[in-house]
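Two complexes come next, and they have one chain in common, chain A, joined by chain B in the first and chain C in the second.
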Partner chain A sequence: MKILSKQKLTAAFDQLAEKAELLVPMQKGATSAFLPWPEFEPGRDELRLEALNVDKPPKDAVLPQTERMYKFSASGPEVAVQEVYEISSPRIVFGIRPCDFRGIECLDQVFLTRGYADGFYQSRRDNTVFIAQACYQPGPNCFCNAMGVDPVKPQADVTIHDLGDGYAWEPLTPKGEETTEMISDLLQEKKADLPEVKPFTRQVAYAGLAEKLKDLFEHPIWEKLSDPCQNCGICTYSCPTCYCFDIQVKSFGEAGYRFRCWDSCMYREYTLMAGGHNPREASRERFRNRFLHKLQFFQERYGQPLCIGCGRCLIVCPAGISIVNIMQELKEVE
Partner chain B sequence: MKDIANKIKAIAQDLLEKGEVSLFMGWEQGEFEFQTRPFFARTSQDAEKLIFNEYSIHNLANALLKFRDGQEKIGLVVKGCDSRGIVRLLEDLQFKRERLYIVGVCCPGLKDPLEAARAHSGFNPQAAPAPLAAKCRSCLQPNPVIYDQLLGEEQAPRSEGERYAQVHEIEKMSADERYRFFEEMLSPCVRCYGCRQACVACNCRTCIFDETKPQWVGRETSASDNFMYHLVKALHMAGRCVECGECERVCPVNIPLMLINQKLIKDVNQFYGPYEAGLNYVEGAKPPLSVYKENDPDDFH
Partner chain C sequence: MAEAKCTCSNPLVPGLVEVVNIIDETPDVKTFYVRKPEGGVPFNVRPGQLAMVSVLPTGEGMFSVSWQEENDHLEFAIRRVGLMTDELHTVEIGQKLGVRGPYGNGFPVEECKGQDMLFIAGGIGLAPLRSFIKYCFKHREDYGKITILYGCRSYADLCFKDEIFETWPQMKDTEVYITIDREEAGWEGHVGFVPAYLEEINPSPKGRVAVICGPPIMIKLGLKSLEKMGYTDQQVISTLEMRMKCGIGKCGRCNVGSEFICLDGPVFTLEQLKKLPPEW
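After this line comes the complex of A and B, so read on.
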């Protein structure tokens, strides 16, 4: 088994960062996120490989919150597209958790399958290597196993396993092999035993729920469940799978650029139509849509839920709303 | 607090049984000790679930906005800061006083369930929740200013040093330093609008940030669009922020938003005061900067 000693970790980061933009889990200021290794300031920032996860989901590696698409200029009725920004520079995401990697796989489904591949997404995705870190100690809000994720066998390019003083290094794809080559001088061949997986503390009732939800669209329970929700976008922006975006334009005189940015189904404006009609005017309708999308609609279209059990929304919701409790209540309701 | 919780439950059950309110807003217990969440009881049976504890921090006055177009009478629990939120809604003509049955609680200062959730999450091994929520460590008005029934013993205001100490620090900076300070402070903003949604003073039916024709503020998470968002929001708060601190508490990237509000409170006080928003409800009274007179000595521009 290949082993990367923790003492050689920063040397490995330096070597990888020479070949690609390297994103590592880091606490910078008040929040933690996957951030470029060269921005790491020792003494001020802290690596977060030992923490359960980082606050911000890693989805912006392939779906940035704001992404320029193309630049244009107009002259009379003619519009010329001057530059298309398809980002294809190599990037490595180091230490992503298996739940979050499943999140990336959900985005892949949306942006690359069913007859249309999104060029902006594809060019980022094709050039990004994911090194996932297996999870042996689920946290108090973790329920990835209930959502179909195996916490120690992510299908990423490389999987690493924390052995205490080093990481077992397991390349799984050709991209992963290439990345392994970049630090081959730092890897040692050794025998090692992988740790035992600690049991999950949460039981989640997802099995069979998608089917049941088909009959619950008009159920009064949505009113009660959505009562505490204040309809902000905190859950959607903290979620590794929420992928809704809007396409907007910024123009200055005759020239400008088009960009896309994350959007949130929690916002009233999200469903506002030309002419002023809003099919999801009430808070409970927006709330219901979010949970049905996660638990029913995505399952129907792609055969898996759009919740990966990372637990972030349970931590950050200002009103203490928990998707785990919601699944339970929906399961029990008649 | 147990005693207060029991009284709240009894009041709610009584009001709901007699049909005096059709809804009573309080809190229910979530899964974890710190997971206290807003709960609306519609029957006296529902009211069994009502609790009040050291994590009942949410400003329920804000939740009233969901019902502003109705006719029903609503009961709710408010602390000192939340009660100023009620005054905000009354002054802004968003609610009629007779639609409300207000149970006021003199507030000893509470804990922040979000801080506790973060510490419990395993995401940040060093996080430790403070014994009092940041917004409660400095509190001008722990006792409700408007109520139908008052619970608990009157509390003294709390303060951590001089009220505007941090604002003074920033006022002393050069323009460049100040720009860098705000750039660093506002760059992490993800524009989730959590601060807007948690704000009782943000009660516009169509928010300027949701306008698309014209679009007043860009949707990029760039320094300039983020500055615009926070500047516009701040100026709409001038003379109207009731210092409930919910915006700052809910921010998922921990932006110290109350700092901006404090500057506005200080300036409004200095130029038009003495004035503290929402401390005293007088029917028909208007906060500063919310009245326009044709014979105003200054130009409107």
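After this line comes the complex of A and C, so read on.
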């Protein structure tokens, strides 16, 4: 088995960062996120490889919060359009957790299948290597196993396993092999035993729920479940699988660019039409659509739920809404 | 640092077209004819499909293509209802616009061959149906009797007046029924709402397909009328409208249940609609 000693970790980061933009889990001020390794400042910032989940999911590696799509100029009747690709270099995301990586796989389903491949997404995805870190000790808010994620067998380009003083290094794809080459001088071949997986503390009732939800669309329980929701949208922005986007314009006189940016189904404007009709006018309707999208609609369309059990929304929701409790109530309701 | 490769072109970037004709249909509807600056249509469109029209820099909006005239131009009948359409209504012939598409499934023109056709439209809802109606006339021998029922708030709001009053009623085996919501001076035609008029005309469901489009409330009541008249869920087709941004089933907002209207629709049979949540 290939082993990367923790003493050689920063050397490995330096080497990888020479070949690509390297994003690592980092605490910067009040927030933890996957951030570029060259920006790491010892003493001020903190590496967070042990964190099960950093605050911000790494979905922006492939779906940035804002992304330019094309430039234009418009002068009277004359108009010109020029496509823009902001991506400038290959990327390596180091230490993504298996749940978050399943989130990337959900995004792949959306952006790369069903008739159209989204060029902006595809370019980023093709140029990104994911090195996933297996989880042997689930946290108090973790429930990835209930959502069909194997916490120790992510299908990323490389999987690493924390052995205490080093990481077992397991390349799984040609891109992973290529990345392994970049630090081959730092890897040792050794025998090692992988740790035991500790049990999950949260039990979550997802199995069979998608099927049951087909008959619950008009159920009064949605009134009760959605009552505390403020429609603030923080759950959608902090969710590794929420992918909805808006397309907006920025113009400076006659020139400008059109860009896309993360959007949220929690907002009234999301489905409000120019004529004034809104199919999801009520907060309850938007709330219901979000949870049904996660638990039923995505399952029907792509064969997996659009929740990967990371637990971030449980932590950030100002109203204390928990998708775990919602699943439980939906499972029990008659 | 190695160069990242751009690995595919993007369906979200529009091509350019030029406005070559503008027809004032009603006080708030204009039909725009567009073609590529070098001539020809930007892409081929099947009846009922959609395209995203951009007025730069103001905005983009999704519209049904109300007709493709051979390889000459596309026609969009567009109502002025908001920021982008306000701007669009000020453009003049020669204006360049962005357009991308075609999107969506379109009407089942092949499956309807050999059938009598009943088209039911309200307001700007005739714009999408017009592509199917004109397709039927172009392939007249492939379809049976054609019945068109069209209603608007007032006479002034009726779109495509030349076609609905002159051209279409003269076509072979074709009946055109027009209604407006309220009495007005000079109008001697029918007065009343579309669903009630539909039940009054009562075209038999035997060997006939009904295609309905209009404001959501008209569609919902019209579907009830059709059911009452004996139409089965497979015989009724509608085309839906939702807010859209991408047009390719990715940006999220136009879902009804697990279906995306821009990609899986906008055309559905009533049988398909009944399997979806009533959220449109």
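We adopt the following convention: the second predicted complex is superposed on the first by the 330 of 334 C-alpha atoms of A that agree within 3 Å, B and C clash if a C-alpha of one lies under 4 Å from a C-alpha of the other, contacts with A are read in each partner's own complex, and residues count from 1 in each chain.
Please note the rule applied: a residue touches a chain if its C-beta (ideal position, glycine included) is under 8 Å from a C-beta of that chain, and two chains touch if they have at least 3 such contacts.
Small disclaimer: the values here were computed from a predicted structure and weren't measured.
In the model built by aligning both structures on chain A, chain B fits alongside chain C without clashing.
Contacts of A:F120 after superposition on the shared chain: chain C is touched, whereas chain B is not.
One of chain B and chain C touches more residues of chain A, and that partner is C. By the touch criterion defined above, A:F111 lies against chain C but remains apart from chain B after alignment on the C-alpha atoms of chain A. Across the overlaid pair of complexes, the angle with its corner at the CA centre of chain A and arms to chain B and chain C is 90°, in steps of 10. By the touch criterion defined above, A:D246 reaches both chain B and chain C.
Contacts of A:E78 after superposition on the shared chain: chain C is touched, whereas chain B is not. Legend: residue contacts after superposition of the two complexes on their common chain; A:P42 is shown touching neither chain B nor chain C. In the superposed model, A:C261 makes contact with chain B only, not with chain C. After overlaying the two complexes on the shared chain, residue contacts for A:G164 are found with neither chain B nor chain C. In this overlay, which is a superposition and not a single complex, chain B and chain C have their closest Cα atoms 5 Å apart. Chain A uses residues 246, 272 to touch chain B in one structure and chain C in the other. Per the touch definition, chain A reaches chain B in the complex via residues 27, 29-32, 48, 50-55, 65-66, 139-141, 224, 227-228, 230-234, 236-238, 246, 248, 250, 259, 261, 264, 267-269, 272, 283, 311, 314-316, 318-322, 324-325. Every residue of chain A that touches chain C in the complex is listed here, in rising order: 18-21, 69-70, 72, 74, 77-81, 83, 85, 87-90, 110-111, 114-120, 122-123, 126-127, 217, 243-247, 249, 251, 256, 258, 260, 263, 265, 270-277, 279-280, 285, 289, 292-293, 296-298, 300-301.
The touching residues of chain B, counted against chain A in their complex, run 30-32, 35-40, 58, 62-63, 66, 113-114, 117-118, 120-125, 188, 190-194, 196-198, 210, 212, 215, 218-222, 246, 249-250, 252-254.
Partner chain A is touched in their complex by these residues of chain C: 1-16, 56-61, 79, 81-85, 91-92, 94-98, 215-216, 241-243, 245-246, 248-258, 263, 277, 279-280.
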